[in-house]
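Below is the structure I would like to discuss, written out as structure tokens.
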Amino acid sequence: MSLGRATGLIFAKELRVELRSRELLSTTLVFVLLVLVLFSFTFDPSAMEARRFGPGLLWLAFLFAGSLMLQPSFVRERTNDTLSALRMAPVEPFAVLLGKLAANALFLFLVELILLPIFAALYDLAILPVLGRLVLVLFLGTVGLATTGTVFSAITAQARLRELMLPLLLFPVLAPVLIASTEATVGLLSEEPYLDSVWLVFLVVFDAIFLTAAWLFGEYLFEE
Amino acid sequence: MAENPKSGSGSSILWTLLSFVWLALAGYAALFVAPTEKTMGVIQRIFYFHVPSFWTAFVAIGTTTYASIAYLKTRAPKWDWLAVSAAELGAVFLTIGLVTGPIWAKPVWGHWWVWDPRTTSTFVLWAMYVSYLLLRTLVEEPERRALLSSVVAVFACLDVPLVYFSIWWFRTLHPQPVIGDGGSLDPTMGKVLLLCWGAMVALFLLVVRQRYRLEKLRAEVDGLRMEAERRAS
Amino acid sequence: MSTGFSVQFENIEKRFGMRLALRGITLSISPGEFVALVGANGSGKTTMLRIAALLMRPSAGSVRIGGEGTESPRAIHARCGMVSHATLLYDELTAQENLRFFARLYGVTSVEQTCATALERVGLAERARDLVRTFSRGMRQRLSLARAMMTQPRLLLLDEPATGLDPEGQSWLGNEVARVRDAGCTILMSTHAHGEVQSGVTRAIRLEAGSVAEDSGESGDLRGILGRVGPERVLRPENPGRGER
């Protein structure tokens, strides 16, 4: 079976399982909303400050959301040991990783898209003129977040204190993504919007490097 | 199977003496031989330990990464022993660097801490190493622990250039008053710096070796216990 | 009719940290054999099965799965089925969805047909659209078996499959397993239960503290080994007509 087809099957399964319960999407949405609102009235920024600091807070909120949302992906496979069932299927381990990664990226992306207008309203930022480019930045940053997050969640699922360990591992490694995404967003929301190509390329490079690393080292994650 | 105690302690005593002599020399050089810096005065001398501690930390990081990849390929436990030894030392040297920084910065520039490219990158690096070490304490089975932490080490290493670049580019776009040693280095200062780095590397090698031997002994004890169990049944 | 895989354990050792679960096990299982693995809890049965399934790497030694179509681990997995303590099923999906997912993953050609047949066979056709979460332990076990057998395995690994099944369920299980065996599949089954499930067993191996204590392949004492299953209580209702201890 080709990698693409296997990944697609697992991706579809992840989607179906999540859509059945919808618990992950809804709780994450509420959580990120809360974070954004709390930030908003704790800092109560002026217009210029909002343009400067808002994006940072937004991405921070996404980072928090990610570290919560990525946890269940592999932990869920432990309840009925379905991970063993996946490992015994005649598909390459990377397909399992990729399928989950894609599903995680999609869920995170959905949450971000829903929260974007709320964020714009709270901080009084004009996102419509730059919507397309903003969504691109969101997408690239989310792929980076989902890639590292999925790999690390496979690791922490096998450790104790996993809820604490995942953010601890994830945040330092994702610092570059946080910086790049935030800066790109700031550029798009400034008075004269521009898309910083350096940050864009950087995000693409980050995503490529870590996707490749996941491909090369992924199989070690599932060994017993 | 066990290391001959005599030869083991013989060479390590020599190495220990050598390292401490070197360290003492370096300390002396830093305090008395190197010329006093014009603007900063005596406190600047901490620079001779502050800067090399980062360089040594990089040596540690390189060692951990190499050992982790070697473990993934060969699954020989000795690589995992080396990886954890180097990682612990790396974290220690990073901590030394991060602590000596503010000690130097406060009297000279008036701030304990500033988020400039170097401090930010180093802090992120330090966080990565600490989380690596924490992960190790949370996985009990040795083979699983070695495998998982090796993957984390590789990912962390891949991230290092990305961290440095992103932070550097960020600061290029948003320049701040530069804090740090600008300007050219007096040749004597340069020599003292290298001497101090050498001393730190010697110390690093010494401690890594001891830490490695500790891991090895632990594994040997476990092996002996299992052998006893096997014989008893 | 295709022949089952052969399984060869060469000096298999498995360590979990400080604990030695398997000590130097060397065994040869021929194609089509129906092997019952017996032994107390912790004797290493589950570990052995997981190593045979290529899920677990042995700490030392090697396992070789032989036969037609064993060129790669993936090829082996394609014709290997497992039923374990855990259900290996997704609670949030329906019985049908579970089977369809795994059928597709295994590259089964006529997915709908195969799933429908499998559900019929295990008597869960009416519950096809119900979430597995709503199933009883016995029903889950049946679905798990359906999942393992629907891909027509040549090696079937069963880890105490009768646990949680009532006598009717156990008899049904015995029939299903016999059917698979008749199709030529090699079966390795760890078991506590007596009677029904074990009809058709061709060889019994008793494990004790990670080593092979008895092997009917050598001693010829199949009945004896099966009878000497440990004193643990089996999870099923009392059956007065059985006349066992």
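For clarity, chains are labelled A, B and C in written order, and residue numbers in each chain start from 1.
What we mean here is this: contacts are C-beta pairs under 8 Å (C-beta built on N, C-alpha and C of every residue); 3 or more make two chains touch, one makes a residue touch a chain.
Quick caveat, the model's predicted, so the values are computed rather than measured.
**Q** Draw the chains as dots and join the ones that touch; what shape do you get: line, ring, star, complete or other?
**A** Topology of the interface graph: complete, with all chain pairs in contact.
**Q** From the C-alpha centres, identify the chain that is farthest from chain B.
**A** Looking at centroid distances, C is the chain farthest away.
**Q** Of the chains present, which has its C-alpha mean closest to the combined C-alpha mean?
**A** A
**Q** Need the CA-centroid distance for the pair chain B / chain C, whole Å please.
**A** For chain B versus chain C, the centre distance works out to 50 Å.
**Q** In whole angstrom, what separates the CA-based centres of chain A and chain B?
**A** About 32 Å separates the centre of chain A from that of chain B.
**Q** Between chain A and chain C, what's the gap in Å when you average each chain's C-alpha atoms?
**A** Those two chain centres are 39 Å apart.
**Q** At which residue positions does chain A touch at least two other chains?
**A** Only 223 qualify.
**Q** Could you list which residues of chain B touch at least two other chains?
**A** Within chain B, residues 140 contact more than one other chain.
**Q** Going by the contact rule set out above, which residues of chain A touch chain C in the complex?
**A** Touch residues, chain A against chain C: 1, 6, 9-10, 13, 16-17, 20-21, 79-82, 84-92, 223-224.
**Q** Touching chain A in the complex: which residues of chain C?
**A** Within the complex, chain C contacts chain A at residues 50, 53-57, 74-75, 77-78, 80, 82, 84-93, 97, 101-102, 104-107, 131, 147.
**Q** What part of chain B is in contact with chain A in the complex they form?
**A** The contact residues of chain B facing chain A are 72, 124-125, 127-128, 131-132, 134-135, 138-140, 144, 147-148, 150-152, 154-156, 158-159, 162-163, 165-167, 169-170, 173.
**Q** What residues of chain C sit close enough to touch chain B in their complex?
**A** Residues 15-18, 20, 23, 59, 209, 211 of chain C touch chain B in their complex.
**Q** Taking the complex as given, what residues does chain B use to touch chain C?
**A** Listed in rising order, the residues are 140-143, 222, 225-226, 229-230, 233.
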